[in-house]
Amino acid sequence: MLSAQEKAAILVEALPYIKKFYGKTVVIKYGGHAMVDCGLKKAVLTDVVLMKYVGMHPVIVHGGGPEITAMLQKLGIESRFVGGLRVTDEETMEIVEMVLAGKLNKEIVSLINRIGGKAVGLSGKDACLLQAVKKPGRVYQPDGTVEMVDIGCVGQVKKVNPAIVHTLINEGYIPVVAPVAVGPEGESYNVNADTAAGELAVALGADKLIILTDVEGILEDRENKDSLLSVIRADDVPDLIARGIIDGGMIPKVECCTRALYGGVNTTHILDGRVPHSILLEVFTDKGIGTMVVR
Amino acid sequence: MLSAQEKAAILVEALPYIKKFYGKTVVIKYGGHAMVDCGLKKAVLTDVVLMKYVGMHPVIVHGGGPEITAMLQKLGIESRFVGGLRVTDEETMEIVEMVLAGKLNKEIVSLINRIGGKAVGLSGKDACLLQAVKKPGRVYQPDGTVEMVDIGCVGQVKKVNPAIVHTLINEGYIPVVAPVAVGPEGESYNVNADTAAGELAVALGADKLIILTDVEGILEDRENKDSLLSVIRADDVPDLIARGIIDGGMIPKVECCTRALYGGVNTTHILDGRVPHSILLEVFTDKGIGTMVVR
Amino acid sequence: MLSAQEKAAILVEALPYIKKFYGKTVVIKYGGHAMVDCGLKKAVLTDVVLMKYVGMHPVIVHGGGPEITAMLQKLGIESRFVGGLRVTDEETMEIVEMVLAGKLNKEIVSLINRIGGKAVGLSGKDACLLQAVKKPGRVYQPDGTVEMVDIGCVGQVKKVNPAIVHTLINEGYIPVVAPVAVGPEGESYNVNADTAAGELAVALGADKLIILTDVEGILEDRENKDSLLSVIRADDVPDLIARGIIDGGMIPKVECCTRALYGGVNTTHILDGRVPHSILLEVFTDKGIGTMVVR
Amino acid sequence: MLSAQEKAAILVEALPYIKKFYGKTVVIKYGGHAMVDCGLKKAVLTDVVLMKYVGMHPVIVHGGGPEITAMLQKLGIESRFVGGLRVTDEETMEIVEMVLAGKLNKEIVSLINRIGGKAVGLSGKDACLLQAVKKPGRVYQPDGTVEMVDIGCVGQVKKVNPAIVHTLINEGYIPVVAPVAVGPEGESYNVNADTAAGELAVALGADKLIILTDVEGILEDRENKDSLLSVIRADDVPDLIARGIIDGGMIPKVECCTRALYGGVNTTHILDGRVPHSILLEVFTDKGIGTMVVR
Amino acid sequence: MLSAQEKAAILVEALPYIKKFYGKTVVIKYGGHAMVDCGLKKAVLTDVVLMKYVGMHPVIVHGGGPEITAMLQKLGIESRFVGGLRVTDEETMEIVEMVLAGKLNKEIVSLINRIGGKAVGLSGKDACLLQAVKKPGRVYQPDGTVEMVDIGCVGQVKKVNPAIVHTLINEGYIPVVAPVAVGPEGESYNVNADTAAGELAVALGADKLIILTDVEGILEDRENKDSLLSVIRADDVPDLIARGIIDGGMIPKVECCTRALYGGVNTTHILDGRVPHSILLEVFTDKGIGTMVVR
Amino acid sequence: MLSAQEKAAILVEALPYIKKFYGKTVVIKYGGHAMVDCGLKKAVLTDVVLMKYVGMHPVIVHGGGPEITAMLQKLGIESRFVGGLRVTDEETMEIVEMVLAGKLNKEIVSLINRIGGKAVGLSGKDACLLQAVKKPGRVYQPDGTVEMVDIGCVGQVKKVNPAIVHTLINEGYIPVVAPVAVGPEGESYNVNADTAAGELAVALGADKLIILTDVEGILEDRENKDSLLSVIRADDVPDLIARGIIDGGMIPKVECCTRALYGGVNTTHILDGRVPHSILLEVFTDKGIGTMVVR
């Protein structure tokens, strides 16, 4: 067991990081395993509350995949996918929105409040925070052509109106955002949470974007956990994709980082959400725990 | 068709009412038919946006009965009632919260924004706005005794923390509140929307509480629409109940008004939500359109 | 008689206009018949108070012709005119200033206050609001030459110091300005009220300039009231003058509008002040009631 | 001629007085000879500007007797007096108001601005600053009874609404107030300037009230200028009146001081306005130059 | 060596304490060994900077004994003591003030700035922060009488003017105060640093007073380190003194705590300044490291 | 003896100067005879307090030569000079800092406070106000070469962080700055007070820099006091140096002025600090009393 002195030493070690990020805004994409496991949930949100108390301005954008699927199953609504995107008809969209904005968002808010923060949940509809247009589905045909298909209420963020988030931050609240956007006619759109987080980070002039994932980060050799790339440069991303080091679901996440970087965000991080307190370790210690993408 | 002059005259008629309520907070319990009918929805929310533009501070608390029942049915969850209160087990509560905070709340927000206001949706969990404890169910036995039964996640508001609502009002937003409260362990409680509206009005120091209903107001003679009581005094309520003039579902609504009055709210109103723009007529003209309850 | 519903409908019609002009500054040149007729006076100033309550920032600049002439007559001071401008010796100027700043200005202020606004009267001397230099009189000789003559205390606005007007607006007051300017030695100058309104609109960064007149607007065919030009472009003004469509006393009014437009004012309006609530109709309905001059 | 050193010494002498009155509000009733003589005018208003620059908040309330009489004569309106009060019919009131609010008020404003201050003129109508009701005239009959007669638009201050004066003070302006009050129907009332100054001082929470007069102050022996009473206590006033030491026009001035003192004003002063810079000498040196009335 | 996970756990442990003291003012009497030893200096001031970053408002009052004695020796000035107090003639006082306000105060300021805080040094003369009167020396005679002797510039705090400290706190600075007070004639007084800290804590409305000492705290049995009294009540202090448990130099320190408690300070602490990071441990962990004195 | 009227006249004379400098920042290098003579001390600081009360923002930077030398002598520390600069080893620096920041600075603060201002003393270490690097000593060899030698803790200002000075000014304090700067490692540097004043004036965006000296100003003919150059242009300085009119210790003072002028300071002044109230005379009268250096 640690002596009091050793504990003090560790608190003191955090000081340079606290100074460095004082008053900075950090957008955290919260999803994956860390949203499912009880212990991890508490760890992530404790990190967020701690960030707030030591002078940072954390903003959460959460996902919600498994819960949505579960609710659709209960209702006997079958899910169809086109090009990796769920075909979201209006009935499905209603469920998606209820689960995201009515269940998961409020659960996160409530947990933060219990830990001692002051959270307020928002969907992209509130104060027109996230504004989207319909996104066409793309089906790649065997002959190499692309067919555009209607995939329903899947949206693409066109504009972010961050005023409400600034208001909440300035009043001491932690904003928690569900990735539902509003369309030109007031209709709901399901938007990708990673993208929403990236766009929000840019609109807020955030210093940092953190994407929690279910992998260690980007590995040079997928079989070797020790081959983690701690830092990659945005300019090297195309080459890393070409070499297959970045592939699959990681591609959109990394692209989301590079867009944020080009939009003025200072650093972006792909962290392993399965590691307890990975955010805290990233922010308050020297040893990152995933891959940092920088300009 | 009206001439321009006649239109001007009507705008001018509204001036004394605009002056009277300038800077005042008005809490509106929005429910019943006015939440179902498309035309009425738009009319109510247009009234609210207009109030905001002419210097009032409207705050909406909405209900949600029919939508909740519909969703429970889709999921095959049977509803059981005790003493008029839905027995709300945890599975049910999850659905209640999703429908209220994830669907209806966001629909209202989105509609207000389209009409030209700036709305932000809240549940009672956000910033711990509505804090509740478990409410016991009461079963009145034939022998006159009362049996207490567990009716699940039905809550009784214990504390209102209106800071977030003040923040939103001051920044020009219209707050829209779903009647879900948070318990001591962060758990969700279903609370009565009328009561929530009344408690919020008191906590905000509101000037006016408006409850939209599906009746004309309080009729002295139920068979005679012309027997509407335009104004009743809080002190006369017990007598009116004794005489059967106030009965059934109207009793809790009127009691909610009297509690608000004793808590400092200036006037309270039971309006007929089936009449388009009933709020506007109440606020901006001499002729009320329901029953006003005053001290 | 109108039903409550019809009244509500009309209030609702005004909403888009209220939204459009929320927070905008509107300078109104108040003069002519509308300053003489009791009913019109009340109608104009009620419109102004209503504008203030729905979030606009009206500023009044008033004229005063008939009252000045009446007072001069009572005092047996004869009026002489050169090139349409009253020769204003010091004795006359004293009377002009007293009538404008001491009588008419305070009457308007008092009437606004009774209607429910909060007005404060200013002359151009207060806080050096309107600063002028002496304007030479021009006599056009039969041989085509122009002779410059001394027409006394007639001034030309050289500088506007709008700080006091901003202060009053921000504190919720309606500023009412008498067209008396101050010269370099502290002396008084009579300045044209249309011009003063235009210059003030520019200095304030106003959105709109409204000039109340005693005609319908600009008619393409003077004999035909139906030939009203609802909108004219500033660039077309010289041509309209050349064609005699704009002539006489209308020329300086229109030029005052074009100068305001080039100074950054968004739209300018020449309204028929004899029509009750013409300002209200212009601002809150689709159907303008005079001629709008735009860039 | 004074050496630079001697001049410096005098500036330094003023420091304790500057400190003492820093941030304090001083209401000055400006009237009599000091409003007529050109040199005195400049001296008084220079003192006022200096007070503002060294951190005090001077507020001027001016009179206007001789100018009003002169204008009435020009117009052939005869003045009738009852019990020392001018019978003010509506025609007379119109002239009174024009002279006070339109001529004298703006002359003072303009002169202050030329000296380097920033003045804004107000009448009691502006922002409902001075609110009055009709004052009955009293005729004392030979038989000892009192007959009430109608003396027209002579008012008695009922309420002071000092908000606009605070606004102007806080923005760095010197408010200059004409003693015209507004009645319940928006009508004009002529109010006594001494009284208006006293009531305004109370409403503003002023530290000091200064009344400029045309006498040395209160003399114990009217024939002997050396018998000036430098300080009198409010409680001794009745006795001084009984002994005839305070009499005639001085009685209402002293009573105005005592009312101000009981209303919370710290010190009140009856100064000799015929002495150049008497205000400055009172405020910035040890040697008062008139009579101070204290509690 | 600790794993990253273990480090995170310790940071998380601090959260409840950070929340508890957020926005609270803590006055720290800094002296003894902790002001001499290089490592301890850095540890103490790092703790202070950390407190500031996590939202507390630390204020330092420092002592200076050994440095003063050293400088007096260098100058050949002999120290004489009466009743435990240094007889401080003017020559001595000059040295005392130079060492405290010119050397030690600035060293502390500079060290805090290097660690990453923003410190500003003050003596009690600055903005009249600490105002004192001369304190008489007391010599207890063998016959039980007390003789009063002149001990020079030793002062007793009479008034604290904390405005400058509030200003610095609000602007993000850490105030560092040297215990030199100013007398009625502007003269310097040497005041006890513990007392100065206590009085300042009261004047600031501080939540906590921490006195760093060179002992473990208050031991029930001086020979037994394990007999530390973790908490004592102010009311029990007289009894503890009577029993000899509190004695010698500890008596004034404890009395200083009780005075602070009665003045409204919430908790007071006598900590062992020889333990590195004792402040941090007291504030951020459950296990206090000295004696807490409470009401 | 002066009459009250004459005194008033002199106060009035100051008004144009008070207006001119209202709200302007003036940095005063306070040193030489004016820091030694009791009467002059009081005169200078009274001038400063007066400036503050009439709306200017004076900032004092003081020197300290004779006191430092006296203290070093008492301690038997010998002073060695290289190229006019005192070789300042660490022991010497400690004494320099104590005398400047601990004795003289606090004496000035205390005297200002007694006169009625609110002063706060700062050294360059407080809030990192003055940041310096080591300055090399230069020894000019007979052969014309320059040898660089170590002259210890003599610093050269590299950066000024004026935030704390702005904070104090805005809160109504008079900042008093000791010319001790902080180095990159937190070490102390002795910096030239004239230079520090000049750099601070630039960093603050001051309007005026005043350097108090022990000479009349710049004399064209050193033997003739009447040959004072009242104004010189910065561009003429090299020529005046070449002609020997500016020489010796005056050269760095004038160069300090020219650097301040190029840095944006409006006017700079070399005043005779031996003349009582020379600052007051410079600021508040037409007749300067030294040499003004302008662009």
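Residue numbering begins at 1 within each chain, and the chains themselves are lettered A, B, C, D, E and F in the order written.
Rule of thumb we're sticking to: a residue touches a chain if its C-beta (ideal position, glycine included) is under 8 Å from a C-beta of that chain, and two chains touch if they have at least 3 such contacts.
Here the structure is a predicted model, which means the values were calculated and not measured.
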| item | value |
| --- | --- |
| If a chain touches chain E and chain F alike, it appears here | none |
| Whole-Å gap separating chain A and chain F, where each centre is the average of the chain's CA atoms | 57 |
| Chain B and chain C: spacing of chain centres that average the CA atoms, whole Å | 47 |
| Chain A and chain B, separation of their C-alpha mean positions in angstrom | 36 |
| Shared-contact residues (touching 2 or more other chains) in chain C | none |
| Chain-level touch network, classified as line, ring, star, complete or other | ring |
| Ring walk, chain B to chain C and onward | B, C, D, F, E, A |
| Of chain F, residues touching chain D in the complex | 2, 4-16, 18-19, 22, 43, 46-47, 49-50, 53-55, 115-116, 275-277, 280-281, 284-285, 287, 289 |
| Residue ranges of chain C in contact with chain D within the complex | 74-75, 94, 97-103, 105-106, 109-111, 113-114, 118-123, 125-128, 163-164, 167-168, 171, 173, 180, 182, 185-186, 188 |
